[in-house]
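Each of the next two complexes has chain A plus one other chain: chain B in the first, chain C in the second.
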Partner chain A sequence: MATLTTEMAAAPREAQSARFAALRRREQWRYLFLLAPALVFLTAFYGYPVASMLMRAFYDPSWGGQNFAPLVEASSTVEVLGLSLPMNVYLRVFWITLQIALVTTVCTLLLGYPVAYALSSISPGRANLLMMLVLIPFWTSILVRSYAWMVLLGQEGIINEALTAAGAIENPIRLLNTRFAVYLGMVHILLPFMILPLYAVMRGIDRNLMRAAGNLGAPPAAVFRRIFLPLSLPGIAAGCLLVFILSLGFYITPQLLGGQRDVMVSMLIQQQVDLLKWGFGSALALVLLVLALVIYLVFTRLLGVERVFGSARA
Partner chain B sequence: MTATANREMRGDPDGLGALGARVVFDRIEKRYGAVVAVNDVSLDIAPGEFVTLLGPSGSGKTTTLMMLAGFEIPTAGEIYVDDDPIAAVPPYRRNIGMVFQNYALFPHMTVGENIAFPLQMRRMSRAEIASKTGEVLELVGLPGYEGRYPRQLSGGQQQRVAVARALVFNPRVLLMDEPLGALDKQLRERLQLEIKALHEQLGVTIIYVTHDQEEALIMSDRIAVMNEGLIEQFGQPTDLYDEPATRFVADFIGESNFIDGTLTQHDGATACVDVSGLGELHAPARPGYAAGTVVALTVRPEKIVAAENGSAPGMNAVAGVVEDVVFVGEMRRYVVRMPGGQRLVLKAQNRIGVQNFERGDPIRVCWNVADGRIV
Partner chain C sequence: MRNSWDPIAEMRATNRALKRQMMRDLDVMSRRQLLRRGGTLVAGASAASILFKAGIPLHASAQEETPPLPEYGEIPENLMGSGEVRVQSWGGAFQDAQREAYFQPFQELTGITVIESEGPDPSQIKAMVDTGNVEQDVVQMDRADVIFLLQQGDYWEPIDYSLFDVDNIAEYHRFEYSVDMLPYATVIGYRTDAFPEGPAGQADFWNTEAFPGPRTTSGGTGGVTPFLEAAVVAAGTPMDAIYPIDLDAAFASLGALRPDVVRFWEAGAQPAQMLTDNEAVMAHSWNGRTHAIMQEGAPVDVQWNEAQLATDVWAIPKGAANAENAQKFAAFITLPVSQARLSYLIPYGSVNAASAELMTPEQLATLPTSPEYLEKMWVRDIDWWVENLETVLNTWNEWILS
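Entry: the complex of A and B
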C-alpha cells in the first residue's frame, strides 16, 4: 500500500494520461480491425465496379455531358406552380417511379401500422411467434412471389376463374399488367420492411405513458393522437424511408406485373444495357442514385437522424 | 384548518373539486388466471385522509390502485368515490390524479406541455392553462421550468413535475405508486415532508403506495398493511406498531421478537403462554384466541430491559446468555439466548448507569406484560 502510493506520486501525471491515450487509440484500432474484412470486400467487389460503371456516364462514348442531354431535352412541357418545366419520355419514367414508390410506401404504412401496433401490444413471446409469420415471405424469392401473383391475377388466373364461375362477371377482367398489380406485388413484398422498424420502435414505448394520458382525461383517440402516434414517429420515418428507397430500385415485380405504361427507372436502365447504350444507362443510374441520396438527406435532415434511427424514449 | 380556509388558500372559494373525496373499496377481488392479486379488500377512506398501502413487492398494492384509477377491472366487488360506484366509468372520466411509479412523464413534451395536457383535455382556455401551469409549478417549487424537457430534469425534479401534473386539474383523489422509490435517501426524506405539506395545504384524499414501512409511518393518517393480496390490518401508525393484528404486521413494521409457545390459559385480562424449556410468560389477553392454540408472544426489542431483580408483578422475566452484541452508536443491540433455545433481541440505550454486557455473560431480561402481544 505504502509503496503503491509513493510510486503513484512519483509518476508524472502527463506520462499517465499519455499512457491512457495510447490505450484508447489501441482500442479504436481494434474496432477498425473488426471492420476491415467487410470493408475490403465491399470496396473491391462492390465499390469499385459501381464507381467505374457510373463513370461511364461521363466517358462512354466520350468525355462529356451528352449522356445527360436526353433527360433535359424537352419534347413537351408541364406547368408546375406556374413554371413551365421540360418534360420528355425519360423524365416521365422518373415521375412514374416516384409515384409508384410513394403509393407503395403509403399503402405499406397504412397496412403495417396496425399490425405493428398489435404485435407490440401482446406479450413478447407471442409477438416473436407472429413475427415469424410476417417474415415467412422472406424465405421465398421475389421472382417466385411475382410469378405467384401472375397465377392469381392472370386472364385465366384463379381470381378470374372464380369470379366467372360464380357468375359475378361474364368476361375475365384485366388484373394482370396493370398499375394495380404492381402496387399489389410491391406492397406485399415490402410490407415486412415497414413492419419491422415500426414494431421495434413501438415495443420501446412505455405503455404506462398511455395509461397516464388516460388518467389525465384523454379518451382513447386522444391518447393515440397525442401520445402514441408522436412517439412512434421514428418508426414511421425509418419504415417509410426504407420502403421508399427500396421501391425506387424495383425491377422484377413491375416488369412481370405491370402494364406497358408502368415503366420504372430500373427497367429503363435495363433497356439501355440491352441496346448497349452503356453511357445513357449509367447516366440514368447515377440520377436515380442521386435522387435516393437527396431524398434520404432531406428526410433525415427534416426529422433529425436521431429521430429516424434513435429510440422512442428520446 | 377549515375546508373553506383551505379552498381560499388555493384561490378556489367555490370549492369545485377542491376537497378530498371519500373512497370505499367494497370486497374488491382481482384474479389473473389462478393468481389472486387482490383478495377481498375492503377499505373505507375518509375525505381528505392520507392512506398508505404498505406491503412487500407483489402484495397487490399497484393492482389495487390500478382498479381505482380504472386500468384494471375488479373480478368482484365495487369501488365507490363519494358514494358513486365507478366500475362503469372509463379511466379518462374518473378525475383521479395519479403519480406513476416511474413518473410516466411524456418524453416528447416539455414540462409545460405535460402539465397543460390534462387541462387541454378539459378544454380550458389557453390563458387559463398558462396561469394554472405557472401556479402549480410554483406550488411544487419549480417556477419557470415550463420549457424544459423531462430528460433535462433530475429525478427529484421529474417527481415534482409528475405531482404537479397530477394535481393541476384539482382531482379529489390523488394516487401515488411508490413515487419516491427511485430517489436517494436524503431527497426521499425531503420530498416526504413536501408531499405531506401539500396534502395538508390542499385537503385532497391521498392513497399512497410504498414498501418502506418508515415512509408509511411518517406520512400516513392510516396504513393498510397488505400481504399476498389481503389486508392484514388497517389502522393508525401507532396502532399498527403497538397492537399489530398479525405476526406479519408485527414483523413487517418495526422490529419484533417472536417467542413461540402454547396458550395454556386465556381468561380475564391476562393470557399465559407456555414456552418449552422456559416456563410460562404472560401477555394481555386477546379475544378470539382459545386455550391450547399455538401462538407467538411478540415484544419490541426496545421494550425489554436488562435488570438484576425484575420479577416484580406485571413483568415477564427471563434469564439467558448474551450471544451477540452490536454497538450501534446511541445504543447496544443484544441477542440473548434463552433456556429452551429461542432468542430474544433487545436494545439498551447507551446511558450512564446502564450496565454493559459482553458475549457469554449471563443476563436477566424483563419486560412489562402489557408490552407483549399474542399473535
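Entry: the complex of A and C
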C-alpha cells in the first residue's frame, strides 16, 4: 500500500496527465463508436439527399450563382429607419415568413409557459396524466388538425353558427382564410414543442429555492421574477428556438387557413418545383436553411449552447 | 447534369403519398364523426369530406337514373397483348370511375394487366426520365405540362396512331406526343340560395353589386393558373379575341374583383368545398366536381355561358418499359365505347365522335362537349400558356403581395 502511494507520487506529473489524456481519448472514441450507426444513417439518408438537393442551386440549369440573382434584384425599395432598402417579391415572402414565425413563437410561449408551470408544480403522476392531453393532439397529423380548424372557423362553421344562434352576431364573421387563422392553426400545432422543453427545465428547478426566498420575505411576484423565471430561461430559449425554426418551414397550415397575402417561402419553393425551375427552388431552400442556421447561432451565442440545451438534463 | 438519384422527386412522391393517406384517414374520421354527432356537425364535416369526394364525382346516385353502361363488342386485334401497363391518373372516386369504365375492360379484353397509381406530376416524370428509372408507362396530364417538359428535352414517346380509331378522333385531339382523353369545362358555380336567377356570364361574376358575396377563382400557386381568360372576358373582350391575353388588362380586371375573392384556390377540390360550405357564393370550378356536390344536395347550380373548355391527355414517358402496351391502352381508352362509358359515370366529355351514338340526347346535353354548351365556351389555348406560363406566374407573385 505504502509502496503504491510512493510510486504514484514519484511518477512524473506529465507522464501521469498524458496517461489520463490517452484514457480519455480512448473513452471518447468509444462514445464516437456509439454514435456511428446514427451518424452513418443520417449521412446516407439525410445528409446526402439534402446536400445534393441544395447543390442544385449552383448547377441547375448552369454552373454559377445565377439562381441567387432574383433574390437580390430590387424591383422596389422599402424605407426602414430612414434607409431605403431594395425590395422584391421574394424578399417580401421571406419577410412574411419571418413575421408569421415570430408571432407564432411569442403566442406559443405566452400560452405554453403557464401550462408548463402548472404541470411541473403538481405531482409527477398527475402531471403525466395531464401531459397526455398535450401529447394526444401532438400525435395527430398536421393535415387533420388544419382541416379541423377549417371546420371550426368556416362561414357555416361551429363558431359562427354558435355566435349567430346566441345572437352575438347577425352575419357570420370572416375567420377562415385570414392571417388570424394561420396563427391559430400554427400555435395549436406547435404548442407541444414549446411546452415539452419548458416542462423539462421547470421540473429540474429546485422548489426549495422558492420556499427559501418566501421565508426570507420575498413576495410571490418577486420570487417568480427573480428566481423561477431566470432558472426557466433555458427552457424558454429551447422552446422558442424549436418553434421558430419549425414555423419557418410551415406549408400545409398556412396554405389551408391563410388568406391571399399569407404566402410563405415553402409555397414559393413548391411553385418553383412545379415550374421545373429546380435550381431556383433549391436556392430558396438554401437561403431558408441558412436563415434558420443564423438564427440558431445567434440564439445560442447570446444565451450559450449549454444554457439552451445543456440544462434539460438538470 | 444528371444525377443518378433525385431527392426532390423522391421527396415529392413521399409527400404526395403521405397526403393521400391523410386524406383517407380524414375521410374515415369525418364520416365517423358525422355518425356519432348525429348531424350537428354536418356543415363542418362536409368541409372535410367534400374535399376529396368533390374530385371525384360520385356516380352511385347517378347510376339510379342512367341506363346500364354500353358494352364492348369486338375490339381491334392489334390492341391485344400480354404483360402489364402501369397507369397514373388522378385518384379517388374519379379513378374508381375510370376503372369501371375502361381500366378493367381493357385488362379483360386485351390480356394486358393494368397497374394503377395516383397523382401525375411533371417534375416526377422529369426526374424519372433523367435517372432512367421510369415507373409509369402512361400518365394523364394537362397538355401544357407535356409541352413544358418537351421544351426541356426528350421526355415523351411519340404516339403511334396506327393503333387508334383515327376516323372518329378529330385531328385537333391528336398530337405528336400526347392524345386527348378527357374534355372538361371550367364553369361558374353559384349558390342558388343566394342567387335564384344566377349570373349570366363572367361579367356578372365580376359584378359584385348585383351579385354580392364572396368569390373564389384559381390562383397561381399549387400547380394551377389564374383564370386570366375569364378576367378579360368580364372586362368586355369577346370570347374569340381572348388570346393573346393582355396581361395588364387581365391583372387589372382581377384586381377589381380581388376585394371580393375570399381565396384564390390551388386545387380543384377547393371551389367545390367552398361552395358547399358557403365560404363562397360564386366560384370558378370544374364541371365534374361541381356536378358531384350538386348530386350530394348542395344548393348549387352551374352557368355554362362563357365557360372554358380544356382537355386532359394521355402521354407516355420516354423509355417506359411497357411503352407498346401503353400505346394500346391509350388507343383503347379513346374508343367510342370507352369514352361513352366514362361519360355515363361522370359528366365529362368525349374525344371520340362515335361516342355520341351510344348516349341518349339527355345524357349528351349534360356534357361539356354538347353542341349547346360548346358554342357558349372558349377553348383554352395551351400554346399561349406554355409560352407565357412563367411570365404569368412571376407577375402573379408580384401582384398577390401588392
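The criterion applied here is as follows: the second predicted complex is superposed on the first by the 278 of 314 C-alpha atoms of A that agree within 3 Å, B and C clash if a C-alpha of one lies under 4 Å from a C-alpha of the other, contacts with A are read in each partner's own complex, and residues count from 1 in each chain.
The definition used in the following text is that a residue touches a chain if its C-beta (ideal position, glycine included) is under 8 Å from a C-beta of that chain, and two chains touch if they have at least 3 such contacts.
Remember, it's a predicted structure, so these values are computed and weren't measured experimentally.
In the superposed pair of complexes, A:Arg145 makes contact with neither chain B nor chain C. Within the superposed three-chain model, A:Arg92 lies in touch with chain C and out of touch with chain B [touch as defined at top].
In the superposed model, C is the one of chain B and chain C that contacts more residues of chain A. When the two structures are aligned on the shared chain, A:Arg211 is found in touch with chain B, with no touch to chain C. Of the two partner chains placed by the overlay, only chain B lies in contact with A:Ile227; chain C stays clear of it.
Shared-chain residue A:Arg179: touches no atom of chain B or chain C.
In the superposed pair of complexes, A:Pro219 makes contact with chain B only, with no contact to chain C.
Once the two complexes are laid over each other on the shared chain, residue contacts for A:Arg203 go to neither chain B nor chain C. Across the complex, chain A meets chain B through its residues 206, 208-209, 211-220, 222, 226-227, 230-231, 312-314. Per the touch definition, chain B reaches chain A in the complex via residues 69-71, 90-98, 100-102, 104, 106-108, 117-118, 121-122, 151, 165-166, 169.
By the touch criterion stated above, chain C contacts chain A in their complex at residues 1, 3, 7-8, 10-12, 19, 22-23, 25-26, 29, 41, 43-45, 47-48, 51, 122-123, 126, 148-149, 152, 214, 220-223, 258, 261-264, 266, 277-279, 389-390, 393, 397-398, 400-401.
Taken together, the chain A residues at the contact with chain C in this complex read 49-50, 52-53, 56, 59-60, 75, 89, 92-93, 96, 141, 143-144, 147, 150-152, 154-158, 161, 174, 176-177, 255, 259-261, 263, 267-268, 270-271, 273-276, 278, 281-282.
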